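I have a structure here, written as C-alpha cells, and I will follow up with some questions on it.
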Amino acid sequence: MSGGDQQVSPDAFLAMGREVIASQPFSVLIGAELHALSRGYIELQVPIFDKLKQQDGFAHGGVVSYLADNALTFAGGTAMAVPVVLSEFKINYVRPAIGERLIARARAVHFGSSQAVCTCEVFAVQDGEEKLCALAQGTIARLPDPSQKST
Amino acid sequence: MSGGDQQVSPDAFLAMGREVIASQPFSVLIGAELHALSRGYIELQVPIFDKLKQQDGFAHGGVVSYLADNALTFAGGTAMAVPVVLSEFKINYVRPAIGERLIARARAVHFGSSQAVCTCEVFAVQDGEEKLCALAQGTIARLPDPSQKST
Amino acid sequence: MSGGDQQVSPDAFLAMGREVIASQPFSVLIGAELHALSRGYIELQVPIFDKLKQQDGFAHGGVVSYLADNALTFAGGTAMAVPVVLSEFKINYVRPAIGERLIARARAVHFGSSQAVCTCEVFAVQDGEEKLCALAQGTIARLPDPSQKST
Amino acid sequence: MSGGDQQVSPDAFLAMGREVIASQPFSVLIGAELHALSRGYIELQVPIFDKLKQQDGFAHGGVVSYLADNALTFAGGTAMAVPVVLSEFKINYVRPAIGERLIARARAVHFGSSQAVCTCEVFAVQDGEEKLCALAQGTIARLPDPSQKST
C-alpha cells in the first residue's frame, strides 16, 4: 500500500487501502472501516459495538489508541509512498469515547525520505454530533533496508 | 479496583484485578491475562492468536498499545488507590511483536494525590525468550469530581 | 497571569503576559518576546543569537523545547484562567532550527476545570520565510491545592 | 563525537564529550557539565544559578527539557556511534526543580543501525538529596545521508 503507484485514481487508492485493512486480522476483529484515503490523509472509523467497551460502557482506550496507531501509519505511509512502520506516537485522551462510532482523521504534517510526522484526531459520534475524544502525534519511519540488522 | 481496600491479601488483590479485566469486554476480546498485580505494579499478558495480527504475521501495534494503555492505568490506579483515568501516554515500538505471547510490565515511578507517572515495557516471547518490543510512559489522573464540568 | 482577570482588554492582557515573561529569568536569558496572547492562544518568539546555538550553527534543540514548554503552558493557563503547571509534553523536531528567529504558536485544543491539552508549532524564520521546525503536544494541569501533598 | 573511535579510553571518551559540550554555545550559556559518558550512557549536570529560574524560584522547565534533550541525544549517539539527531522526545515533570543542581542520567534502552530509543531521568539535588523531577523518553535518529532531501 504504502509504496503504491501514485498514478491511481482516488477510488482505486481507497480500494487499495481497504484491501490493506481487510488483510489485517486485528483491524477486522475491531471492525475498522476506511472512509477516506489520499496521500498523507486518512479517515478511519470504528462502530462502537459492545465488545469494544470497557467496564463503564465507553469504548476502551485501547480501541482509541488502535485507531490512532493505524491512522497515523496510513497517513505517513501514503505521504512517503514507501513501506513504513510506526516508530512511536503519543496520545492524549480528552473525553470518554461515548457514542455510536469513532472517527479518526490523520494527516502528514511533515515528511521527508526517511520519516513522516503525523497528527491524528479521534472523535466520538453521539446522536450525530462529533466530539473530540483524543489527540495523537507520531513518527512514521521508512522501513529499514532488510540488509541492516537491529541489535 | 483502583480505589480498593489496601488491607487485602496479595491473592485477593490479584483476584480483584482479574475481576476488573473480566468486566472489560475489550480486554476479554483481546484475551488479556492478569499475571501479577500489587500497588503500583502490574504484569499483563496477551497470547498472540491469529486475530490479533496484522498483514505481516506480527501482533498489530494496536494490541501492543492496548497493553500499554491498560497496564499503565492499573499501575497508576493501584498506586494512587483512587478511581483513575489514563490521561495520556507515549509509546516507542522498538521491535516487531513476533512470538507466542506479549508481556507488559508497568510500574508507577512517581505518584501524588492527583496523578501518577508510570512506565511500561512490552516484551514479545518467542521460543521462551523475552525480547523488548515497546517502551511506554504515561500519566494517570485521579478521576475529576463528578460535580466538575469539562467544556 | 493564568488566573488573570477575564475582563481586561487585549492590550492589557498582552502587557500582563509580558510582565510574566519578564519575571522569568530564564526567558530573559533566552531573549523570549511575547508577540500575541489571548485566552488559549500565544505567539512567543526568540531571535536566534549566537549563544542559543549548538556546534553546527543551528539553534539548540533545548531552545526549541523551551519555546514549546513555555508556549504550551501559557496557552493552557490562559484557557483555564487558573494557576497551572506544565504536566508533560512531547515534541517532534522536523527541521533544523536555522535562521534569524524562532516563532512558537500554541493553542488550547481542549480544556476543562482540571487540565488542558494544547498543541504548539515552532517555526524558524529565514530570509523572511517561515518553516516548520517542531511540533509539540502537551498537558497543562491546574496547580494542585497546596493542602494536597505529593509523595 | 557520536561517530567517535570506539577504542579510546574512558577518560579520553569523557574528554571528547566535554569538547562537544564546550562547542555548543547554548550548553555553555546554561552551564552544563558532563560528569560521565560511555557508550549508551551519560550523566549531565547543571548548577541552578539564578538566570535559569522562573518567576517562582524553581529552575525553568526549559532548563529541564534542555537537559533531557541533550542527554538523550548523547546516550543515543554514543550507543550508535554515528552522527545523530534527536528526532523526538516526551517528558513528564513530576516535581518542581528546586535545589542547587540538576542531574540528568540517560541511557540507550534499544538501538539499531538507524535509530535508538533512550530514557532519561532528571533529578534535583537539594541539601545533598536527589529527588526525581522529570522523566523523559525519546528517539535518536541516524543523520540522514546528505544526498537525501527532505520536502
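In order of appearance the chains are A, B, C and D, and numbering begins at 1 in each one.
Everything that follows uses one rule, which is that contacts are C-beta pairs under 8 Å (C-beta built on N, C-alpha and C of every residue); 3 or more make two chains touch, one makes a residue touch a chain.
Keep in mind it's a predicted model, so treat the numbers as computed, not measured.
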Contacts shared by chain B with chain C include exactly A, D
Chain whose mean Cα position lies farthest from chain C: B
Whole-angstrom distance, CA centroid of chain A to CA centroid of chain B, is 21
Starting from the mean Cα coordinates of chain A and chain C, work out the distance between those two points in Å. 29
Go ahead and note the Å separation of the Cα centroids belonging to chain A and chain D. 32
Would you give the residues of chain C that are in contact with at least 2 other chains, written as numbers and ranges? 87-88, 90, 92, 95, 117, 139, 150
Show which residues of chain A lie in contact with chain C when the two form their complex. 90, 92, 94-95, 109-110, 117, 119, 132, 135, 137, 139
Contact footprint of chain A on chain B as seen in their complex: 20, 23-30, 50-55, 59-63, 65-70, 73, 85-93, 95, 150
Touching residues (chain side chain A, partner chain D) in the complex: 87-88, 90, 111-115, 117, 139, 141, 144, 148-151
